[in-house]
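Each of the next two complexes has chain A plus one other chain: chain B in the first, chain C in the second.
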Partner chain A sequence: MSAFWLVLISVTAGTLISSVLACLPGLHIYNVMGALVLGILALEGTAHPIPPDVYLPAFTGMIVGWSMLNTIPAVLLGTPDESAMFTVLPGQKYLMAGRGFEGTMITAVGGLAGAFFLVCVMAPLAPRYLPVSQQVLKGHMHWVLWVIITFMLMSEWPKGGNRGPAGWAKFYDAWKTLLAGLATFVLAGLLGFILLTRSPVNHEVAFQNIMPAFVGLFAIPWCLLNMISAADVPPQRSAKSLAINGDVILRSVWSGGLGGGIAAYFPVVTGGVGGMLAGHATAQRDERIFIMGQGVSKFIYYVGAFMLMFVPGLNLTRGGGAWMVKALYTPMGAADYYLVLGSIAVAAGLSYLMMEPLTKLTLRFIDRFNYRHVSTVALGIILAMVYAVTGWVGLFIAAVATGIGLLPVLFGSRRLNCLGILLLPIACNMSGFGETITGWLGLT
Partner chain B sequence: MKGFSHFMSGVAVASFGPWAIEAAQNGNPLFFVLGGACGILPDTLDFKFYRFFYEHDVYITPDPKNPDPQYVADEYARAVAMAVDEKRYIRVKLVSIRLGADFWQQYVVKIDNDKLEVQVQFGPVVNTGQVPVEGTEKRYPTVARAKLKAKVIQTYDAGMKVDIFDGPTIGLKPMENGDLDLEFLPWHREWSHSLTVGAMLGVLVGAGVWLASGWTPAWQSFVTIAACYGVHVVEDQLGHMGSNIFYPITKLRTPGLHWMHSGDGLPNFLTVWICCLLIFWNLYRGQPAMTYHFGFIHLMMVGLVVPGLVFGALRWLLNRGQKIQMAKGDDADDEWNDSKAAG
Partner chain C sequence: MTEKPQALPGHETQSDEMNCPNCGRFVGAVTKCPYCGSKVEKRMSLVAIRWAAVLLATVGLFLLFLMAKHREIPVVKLGEVKATMNFAQIRVDGVAESDARTFRSGGGMGFNFSDGTGTIMVFISQKQAQEMQEKNLVPKAGDKVNFAGGLNISDDKSSMRLLSVDEFHLTRAPAATMRLADITTDMKGSSVTIEGKVMDLFPPPADSKRPYALKLQDASGEQTINFWQTEYDQIANKDVLVGAYVRARVSVASYQDKLQLKLASGLDLEILDGPPAADAYATPAQKAAATYRKQAAPAPRDFSRGRSVASTSLSVSAVTPALKGQTVRVRGRVDSVRPPREGTKQPFAVVLRDGDATLRATYWSNADAVIPVKPTPGALFEMEGVVEVYKDQPQLQVESGYKVKLVDDTPASAPAVDMSKAVPVASITAAEIGQTRVVKGVLGAPRALRGGVAYALTDDTGTIDLILWESIVPAEVLNALGEGASVAATGDVGEYEGKLQIKAAAGYSAMVIP
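And then the complex of A and B:
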């Protein structure tokens, strides 16, 4: 079989598999990729090794498909991962107005626009400019993280303190949400220190050690909230038009590209943080632009980070997908870059085509069953996934993380503070005092 | 300007200090963190602290069990009468109406100076995302009215809409001609938005640092804090509302230059982007062994002018022949809504 067909079949298979898997709540494609990487490593040196021409396009397709279609469980089932967090509220608003199909499809258009931006705009420029910026910024990543943490914590405004006479009682009422936000950040950070220093998860599933915590912090609280408070989802209708034009797409790419680009380029800055920064930086008031921008941001965060690994002359590994592939393969120049870019383009088109039928299928499922039951099933699937990948220890970690993840739900503070799980320990490590803190905590 | 623009401006100003870059290269992020924090600090002081201690003369608190627009109109008229009769500044709080965990009764207060009356209309019930709940739009069709004792002059163009979380404060200031000047959020951009307060804060922190670590980090902290705090005040002067620039020497806000509204997308983005480029330039200058070399003009062309022109051209192409309506903004209203909407 010629290399062309091999690559095409691989990328198609990867995209289709991940498109379907993306609809399962709680399952991250990196969990699947981690298992595949272990399998490929096991086959190395045997009579049937898997060549890079097969797994590179397949992995690219998996990341692309997942980054595009994980909107479906996030919006329609209310089980977001961290990167899709900002699409949930406006997306569920669409769902509750009977326009869930429209909400997810607008995000998908954002993903497609993100693919165009990445392949046609960023890719030609990246080999020329990114090595320069990397040389300038490489010694400064730590303070960028601290600055982002500072903004994240300082930019949360109080939501209470709305009634009664001026004074300390009013101040305390207002600060309850902020204090809950700070507590969430610190507790998540402490959990992060434990998991990153002495993870109780079996080393054989080392790629997955943070997964149960993420599920507990982000997806499970949302499921619980839906189970407790879910109103009936109204009948859903399919829109004939998404009421978007070129200008909306352009402005979405502008805001989402910035947020996703920051998240992809800077270590530990995730899609959720990128989405937040993009929203603040571009001050968009239009809800469609916001939702589509989140689609762009999420796509560029996942796929752009993976692409960075292949940019000639850059030698930059960002994101879980790239780190896993790095265990298998070291990119070798422009040929690999073009291979990955071509795979991104094909996979983006395919996964966009998958979006409509899979969204309609999920909506039919929601229409047929009570949404509270849907959330219960989603929670069951999530717990089963966690157990399957990480066992009882993983479930325990997820339970602890859920306790922390429920704080913002109960107090109405910002859920993004849960990202302290990565931001705090890694910022401390990068600034050189992580070990001192783990020493205080008795972890080292 | 929006909080993020102020924050990035603070970081950018901090990056001009060679000591900040040197410290960062040695693993110390403090000057940059300080820069960003001081950049956003004036708004933090207002929205997170001062407003909860701000006393009001009249609290207009509609009953959630029996929301009555006439009560709001009457109370508003009473506040106006107080300002006229007692010839003093009256602070009025419009309290929001919470109907449930996620539901709020929206209402709008309008002044009709021709008829010398205040008009209050209850709108739909909205959820915390400010989305109207279907079927609640026309529950209160009547507009409540009450006669005012004086004209109330609004110097800003935002309507007074009350819905989620907190309701706004308005100040009614008697003027010499008998009219009342309406100040939206009088607790905002008062003492906190002052260059002198920024300098004082720098002196205080600098003194602490001097005691702990000596003279050099002390003056570096002072310069960073005063400059980063100051850039917030200067940026706010580009808008409409202005700031009380030299409090406590000055007592009133100095009106802004009216170049932009604080919530406008393009100026905010340009500010953030230019700040990023300036930070990048300063880091480049502080880098000891660069193999790539470029000049400031080159950076601005590649990073700002060319992408800006391409974006502008694309937008023009996509919008040819279409009438684009931009929502009119207002400094105070933008910031007030941001403070409620930021998640």
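And then the complex of A and C:
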């Protein structure tokens, strides 16, 4: 079989598989890719090794498909990953108004626009300009991270303390959510220091060190909350057209592209943080732009970060997908870059086409099954996956992380603060005093 | 009885506690309505889970911390490392395959490690590197090491990052005591212990990236030990290094096919109280060889090497009464030397001159006894001592003979280049390669070389390249030259890429002529 057909079949298979998996609430594609990496490594040296021409396009398709279709559980089932947390509020509004289908499709259009932006605008410019910008910026990443952390913490506003007599009670009411946010950030940061310095996870599967913590911080709290206090989803209706136009799309690409670009390029900064920064920077007020922009941002964050690894002359490893592939393969020049770009384009088109039928299927599923039961099943799948990869230790880490992940949800602060798990230790390490802190903690 | 507010459109199907009792909007899990600020009563389960979350987060994190802290890091063979172990913290046991080297950027260090089943690069952060230098834990080739580190695995190259200096255990490889003449490039990569007398110490010229060079001499010969500023700073009592007997553990290496001895840590150099024991040889054969070699007279010391010492000291004229009580290093030509009169306890008095300025330096007989090369009129000397004031004039009280150092034994009045032997540039041919010639002419634009500088020297008959190496031509000579200067220079005729050149001889081989 020629390389062309091999790549095409691989990317199609990867996209289709991830499109279906993306509809399962709480399941992250990186967890699935991690399991596949294990399989590929096991086959290395045997009579049937998996060649890079198969797994590279397949992984690309999986990341593209997941970043596009993960909107479905995020909007319809209320189980977003951290990069989609901004989509949830306006997305939930659409859902509660019976327009969940429209909400997901607007986000999907955003994803498609992101694919065009990435392949047609970013990809031709990247090999020329990104290596230069990397040379300029690489010595400044630490203070950029601190600025982002400072902005993230300071831009959270008090949500109480407006009424009642002055005094400690009013002060506490005003500061309750802010304190919960700060506590979440610090606790998540401490968890990050522990896991990045002396992870209790078995060294044989250390490449999934952080996975139980991420599952605990983001996926499990949503499942638990849904099980305890799930809202009943009103009847949903599908639509034949979307209330968007070229202006909305362009403005979404502007805000989402900026947010996703920041998240993809800067280390540790995720789609949620990038989206927050871009939201403040571009100040787009239209709800449709907000939702579509998150589609663009999410696509560029996940897919763009993976693409950076293949940019000739740059070879920047960003995002969990790239780190996993790095263990298998070292990109070699323009051929690999075109392979990945082609795979992105094909996968983006395919996954967009999958969006409509899978959204309708999910809506029918929600209609038929109790939302609480769906969340319970999702929680079961997540816990089984954590146990399968990391064992009891992983479940323990996930339990602790769940405690931290529940704080912002229950106290009304931002879930972004959970990203302290990476932001705090990495910023400290990049600034040169991470070892001092781990020394104080007795970890080193 | 209060009337239950009606839920807003689209919110009718929610349970009561999901909607605000005041405005009827959906508020989810929060206890205060974000729209109107009203308190939203929750069932006990939601309040309980809130505090359960706080408890789980804090107690669980503490338990996880204890678990991580007390967990034994697994010992893994490098040959068993798999891609799925990326980011794992593992312990390894093996030997350092190379000396740890400091990176030019970032200040960290790295060395190659092997445990017999595989090899990996180990990175050490700047902070850890400093701590390791202080504790003399910097690994050298052949040392046994055991440490914990984080794995970073990629398809093309894998590495480890040291986790903690406290968990870095090092056992120095035994280093045989060798005579300098017995060390050859065949021993490259090994560590040896050498002993001898420090004949001279050459700091790197200002603004150069060259290392320190320490000339060590034992009964068998002479060798140079190279090290950097960091190692120099670590040497104890370095002020009395020149002329002292030392023992050093060095790594054998080669640079441009020449033997090189490298001092990896200043703590590996120990100043001895006196000459080392003569029979400190590793094998009887070495001892026999040493006995044989002792029949040959040691090579006379070449004082011209001192000319390359960079001038970091004060000039004579810069020493003023205002410096009273301060320790300074002064450089000047010896104007006169007056030993103490017999039967008195007077000090030695040396007058240093620099142009019209003079400075009287004094030291006692016990200091004079250890001065390797005694001051003689006309020679350039460097002395370090405390400034004192006598009759409003500054004097230098030198307290150690080791701090009286010859810089240049060529009298200032002596011409450095004999211009009477100058030949026309055009007359130099390829047949004269290797022969010494003197040329006179005007310098063109300088061209930087790695470790030197090249000028096009032009006279009435032609142009030839004049090559001056930093390692053999004093910095003051190099600094005096420049584009457009008329100079006379002496050196061997050489050839490079088909072009003839004059390679300036060691020492004061070029001078500006009026």
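The rule is simple: the second predicted complex is superposed on the first by the 440 of 444 C-alpha atoms of A that agree within 3 Å, B and C clash if a C-alpha of one lies under 4 Å from a C-alpha of the other, contacts with A are read in each partner's own complex, and residues count from 1 in each chain.
Criterion: contacts are C-beta pairs under 8 Å (C-beta built on N, C-alpha and C of every residue); 3 or more make two chains touch, one makes a residue touch a chain.
Computed from a predicted structure; not experimentally measured.
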Is A:178 in contact with chain B, with chain C, with both, or with neither (first, second, both, neither)? first
Can A:33 be said to touch chain B (first), chain C (second), both, or neither? neither
Looking at A:277, would you say it contacts chain B, chain C, both, or neither? Reply first, second, both or neither. first
Looking at A:432 after the superposition, I want to know if it touches chain B, chain C, both of them or none. Which is it: first, second, both, neither? both
Looking at A:108 after the superposition, I want to know if it touches chain B, chain C, both of them or none. Which is it: first, second, both, neither? neither
So in the superposed three-chain picture, is A:163 touching just chain B, just chain C, both, or none of them (first/second/both/neither)? both
Of the two partner chains, chain B (first) and chain C (second), which one does A:397 touch, if any: first, second, both, or neither? second
Looking at A:421, would you say it contacts chain B, chain C, both, or neither? Reply first, second, both or neither. neither
After superposition on chain A, the chain A residues reached by both chain B and chain C are 97, 159, 162-163, 229, 432
Over in the complex, which chain A residues touch chain C? Could you list them? 37-38, 41, 96-98, 159-160, 162-163, 173, 187, 190-191, 194, 196-200, 203-207, 209, 224-225, 228-229, 231-232, 234, 323, 326-330, 396-397, 399-400, 402-404, 406-407, 409-412, 432, 435-436, 439, 441-444
Taking the touch rule as given, give the residues of chain B at its contact with chain A in the complex, in rising order. 2-5, 7-8, 11, 24-25, 27-29, 32-33, 36-37, 40, 44, 47-49, 52-56, 59, 61, 95-96, 98, 101, 129, 131, 134, 165-167, 263-265, 268-269, 272-273, 280, 283-284, 287, 290-292, 294, 302, 311, 314-315, 317-319, 322, 324, 327, 338-340, 342-343
Along chain A, where are the residues that touch chain B in the complex? 89-90, 93, 97, 129, 131-133, 135-137, 139-140, 142-143, 146-147, 150-151, 154-159, 161-163, 165-167, 170-171, 174-175, 178, 229, 245-247, 250, 254, 277, 280-285, 414-416, 431-432
Which of the residues in chain C end up touching chain A in this complex? 10-11, 13-15, 17-18, 26, 28-30, 32, 34, 37, 45-46, 49-50, 52-58, 60-61, 63-65, 67-69, 71, 73-74, 76, 82-90, 125-128, 151, 153-156, 163-164, 166-167
